[in-house]
Amino acid sequence: MYYDSNTGLNKMKRYYFDQPTTDKFVEFLMTQAEVIAPQKKGDASYSYEVVTSGKDIVYDYPRTIQPLKKYFLPPRETLLSFDSKNNEFKKTDIALNNRIFFAIHSYEMQGIKRLDYSFTQGNPEFNYLQRRENSIFIGISFNPDKWHFTKSVGISIEEVERFSLYFEPVDNGFLVFEVDDTGKELISKFGNGLSLDASMDFEVREKEFKTKIKYHYNRLPQVFEHVYNSKVWSDIAQKCVGCGTCNLLCPTCYCFDVRDEVELEISKGKRERFWDGCMLNEFAEVAGGENFREKLSSRTRHRLHRKFKYITDHSGELHCVGCGRCTKYCPANISIVEIINNLIEEYSDHQKEQII
Amino acid sequence: MENTAIEKQDLYYPMMSEIVKVETLTNLEKRFEIALPDNQILGHLPGQFVEVSIFGYGEAPISICSSPTKMPNFDLTVRNAGKLTDKMHSMKEGSKIGIRGPYGNGFDVTKFEGKDILFVCGGIGLAPLKSLIDYTIAKRQKYGRIIILYGTKNPSEILFKEDIKMWQGSKEIEFHMTVDKPDEYWKGNTGVITTLIPPIDLDISNTIATVVGPPIMYKFVIMSLKGKRMPDENIYLSLERRMKCGVGKCGHCQINDTYVCQDGPVFHYPHAKQLEEAI
Amino acid sequence: MSKPKVAFFDFTSCEGCQLNKLNLENDLLSILELVDIVEFREAMDDKADEYDIAFIEGSISTPTCVERIHDIRRRTKILVALGACAVNGGINAMKNLYPADWVKEEVYGEDKYLFPSIPVQPVSALVKVDYEIRGCPMSTPEFLHVLKSLVLGRKPESFDYAVCVECKLKENECVLDKGMFCLGPISRAGCDAICPSNGQYCTGCRGLVSNINENGAVDMLKQHGFSEKEALNRMRLYCANDIEN
Amino acid sequence: MKKDLNINVHHLTRVEGHGNIVVDMKNGVLNKSELHIVEAPRYFEAMLKGRNFHEVAITTSRICGICSLGHQLTSLKATEVALGLEISEQTEILRKILVDGATFQSNILHALFLATPDFLNVGSVFPLINTHKEVVLAALRLKRLANDIGDLISGRAIHPISCVPGGFTKLPTEKELSDLKEKLIKEGIPDAEFAVEVVASLADKIPTFERETEYISVYNDKEYGFYDGVICSSDSGLIPVDNYLEITNEFIVSHSTSKHAKFNRSSYMVGALARFNNSHKLLNPLAQKVAEKLGLVAPNYNPYMNTVAQVVEVAHCIENTIGLIDMLLDRGIKNEKPNQEPTKYGRGIATTEVPRGILFHDYTYNRKGLIEKANCVIPTGQNLANIDDDMKKLVPEIIEESKEDITKKLEMLVRAYDPCISCSVHMLEVDFIE
């Protein structure tokens, strides 16, 4: 359900942090746990990294290159290490560190929520769930750029679900909302001299998204019922080069491959898993060499159906969170919103024809 | 049937099991009898598979070819087709391999009770079906006719020759086979497997057809079955995909919204028909 | 099991791939535990008659090369093409883009007739290649992977997906986004995206991913401000034998 | 006295590339004593045509895997001159570290892995792992350390990545630099000193042979000439880089796919010994001490001593790198982007001392920024005529020795030049004609 930003936030206790207070708060957080927050990477990119100095945190970032997923489902992970001489293996120890994820956007948190679903339904996966334990998330508002379309998939900027605290930038600082008990506890531990600041009237200014899906998000699964044989898929395949960037940056993609690698002492080695992607050449290839999704058109179709239909049919939620990464980083400038709008157009034309 | 072994497993961690018997079936195929640790019983349904792992060589899904009635050990028929299977072929009795499973959807044997069962097996497809064949033979009185159709490319690829001899000699089993490319000693039928279907007289409403073979075979076998007016609901098939994790996570075996490793490999044909990329 | 006999041979190349092996300083002693190096002209005098594994560096570009490669194939059980030159002709294959006479004249002038040279070909054009290690130079982790796999008797992993994949795993800032040229979206991975990770663009040294959408790739580069001519010209740096139009 | 001698060493080993040694003496008359270069021709000059400036150094570094850094830097410098691209002081210091690292690496490889087996009568370094384990381990550590320099500064020691026209696409951090410095001091210097002891113990195995020739190298009055400077000839003094063609005078001989070169005499020598003879006064103190220890005094006319000069240079490079790192750390690493906006298009000529000697790249760019004409003159090519001349003098001097000994001495002679044949054909083998 779309979150009513004003009433939601207005019910919460809120504090005003000026920048020096915010800096102190970060220092305080660092005493509580490992803090992970957006930081500059390269010339004009951002990445969630472990904070070593509060000064490195970027509060007004558009999006990071990789979603937060990398902390729960590492790009490369040792599943087990083995000794084939003795037929023994050892599971990987997954450290149970407390971690605070700070200055997180709503769509990112929702991305984690989708992953939680994927790793708990069916056979729950221990490795993922273990890494998810003991994580605290602190949200922050953001200004949509031309790639965000979170609102179109039903996620508001101020969606605070699963955050403990939420930061809304105001003049020279932030309004900090107490979302849950963990947040409350953090504030009270930090809070010597902090006073409840209700003096400032708060109203969320609706921020305009430049990129929009033409239909309400509720109607998208219905559209996807009818577009399996659309020509949109082959149109996209003309432009797509199959690099897999869209898979590898998506907050809700979680497909992987597993490989064994031995050491130079070849009886010892490890079984590792890597992120994989359904857009890649050999993804659906079987041992005999047959490739069940050889064409780029069928690969794109599969990817989009996973975001808007297949998992949605079971979870009831769209598995696209509108972060815009697949579009911003697509080297061929393919826009996911454009694909969906083209599908919608075709669908509505078709519906009209049927009425006539 | 209880899944005695699976409850103790962590998703990606194999049980170190022992190869207790190795039997060469053809140039490409060997049958391995596997014993789980501590005399555990695998507790599988016919049609299910296990993930076999050999350290340094990876993992591969292999269908179980013995009947659940055979206990406590189970059999895997393995074609030498990749790095893991190649290694497995070099292994001797007493060697250790890792087993995860059983996984996936098997044949619903109780639903088949009282019915005639038609087995259509192409090439290595006989291995997964053998588990069901053996099961129905073991519980012979519960089932109607047992009709086995088996086709291979050439006589050298024929699997389970001992069993075939037994099936051919049994009055309780109707067995027919064919090869695409006969050699000079071949005296039986020649032609693709679909040539065996028309001559058979079937009580269509009471017959279950189970079909397993190479990807190309399904379309044609189903066409011939339809030619005998066999209803879709009576057809079952088992599909091959790259089931890397076996537990519905890694995504490789997904066909539309279906994970073959969870909802398959055995599919009821009305379901498989709807999966556009399936056959 | 006795140690496999390994030999290294060089054809037309810069020998950087071989040197890369000598640069495995930390692992050299362990490698010598694993295999017997029986022939390696760049580093030793010894010669052998037969090998279990022959690694071939360089492309075939003279009539004598042709004889030598057939001879090696006869002596070895497994033949591995090592590096871009051996796998697809590499940078040497650029020569094939020009009329042969012009090329020779440009370098040797009127003495061009002195040196026989044939179009540059990958090793696989002449003999059966069992495995390939791509890259210019080859990546040492991949070489070790192949060596270990062959000792184990298993098929090594190959990489038929784009450099973009590895680049994204490393969370590098996108090179194309910085306004630079880049072949990462269509070039084969396996290098761990080493060039983009060092702020440089991908030159496609490992060849193109199979099954690529060539028109789409040219359009993509055009969208990033490179003319079709430049796009194709730069794709040919390492793939002169593979690009059609 | 022997009247006839035929030697044909096919595909000389422990050198980079394919070359044959051919000696033919009949009735006491030496008809032939040549190093045949049979490496396949590469045609880089032709391949460069039409390439834009971003691709040129990437391409020319592929002339040779062993000298890739040298080709890369010389190429970058030539491009920068041609296009009017200024580089920063930081870039220049980083590049000097790279040259030191590459020379250190290549010299160690040659002196300890390729030449040393000759002195110990074995066919490769591998048997030494059992007989001289400590030496091999120290040599491996040194080589690793030298490669670490290249890996850190340019992303990869072979075919460097991050040095591009106008600067670097990635910079090392100050922490990485100070870690490297620490390693050079704690491991590099002691291992280098150990290596010097080893070479000193083998000094009596080095053949005594002398032939005075012309020595040509890069010269720079402020520092030992590596990264940049003017051309210095031991015969005629300093010459501007732009006049390189007057010195190299390349010519084609039928027994070599690599071109030969000559200046004031029928041949000249480049490489470590030439550099030492011309610039020895500019070696830093550690290298001076090593030269003294190894008995290398300028001018030295024994080409076999080239290997010893290489060892001296290793000491120089290590100490020099430490000094350069200090300079960088004093200044602090500045986050500079490469300067890639051409201010002109035209011709650019550059020279660098690479491990095997003086290297020239000469490019002409058209107004679209594409290469119109390219010429690369490679050190091994420049040494070939000198090797032939050495053999011509050496063979009659050792003619009374056994054919095996003669062959070995000839092989060692060619190897002493540390020839890089892929490079020179853009070429080495020894054929004794039978």
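Structural remarks
In order of appearance the chains are A, B, C and D, and numbering begins at 1 in each one.
We take it that contacts are C-beta pairs under 8 Å (C-beta built on N, C-alpha and C of every residue); 3 or more make two chains touch, one makes a residue touch a chain.
Computed from a predicted structure; not experimentally measured.
Which two chains touch most often is answered by the contact tally, and the pair is C-D. With centres set at the average Cα position, the gap from chain A to chain C is 38 Å. Distance from the chain A centre to the chain D centre is 53 Å, each centre being the mean of its Cα atoms. As a whole-number value, the distance joining the C-alpha centres of chain B and chain D reads 65 Å. Averaging Cα coordinates per chain places chain C and chain D 25 Å apart. Multi-chain contact residues of chain D, defined as those touching 2 or more other chains: none present. Multi-chain contact residues, meaning those touching two or more other chains, occur in chain B at positions 56-57, 82.
Residue numbers of chain C whose C-beta contacts span two or more other chains: 152. If you check each pair of chains against the touch rule, the ones that pass are A-B, A-C, B-C, C-D. Taken in their complex, chain A has these residues touching chain C: 41-45, 47, 65-66, 70, 75-76, 237-245, 248-249, 259, 261-266, 274-275, 277, 280-282, 294, 296, 329, 331-333.
Chain A meets chain B in the complex at residues 79-80, 82-84, 87-89, 91, 118-119, 122-123, 125-127, 228, 254-260, 262, 266-267, 269, 271, 276, 278, 283-288, 290, 292-293, 298, 302, 305, 309-311, 313.
Residues 149, 152-155 of chain C touch chain B in their complex.
Residues 10-14, 16, 53-60, 81-82, 96, 98, 214-215, 240-242, 244-245, 247-252, 254-257, 262, 276-277 of chain B are the ones that touch chain A when the two sit in their complex.
Interface residues of chain C facing chain D in the complex, by the touch rule stated above, are 10-20, 22-23, 25-26, 28-29, 32, 37, 40-46, 61-62, 64-65, 90-92, 94-95, 98, 102-104, 106-109, 111, 114-115, 117, 136-137, 181, 194-195, 197-201, 203, 230, 233-234, 237.
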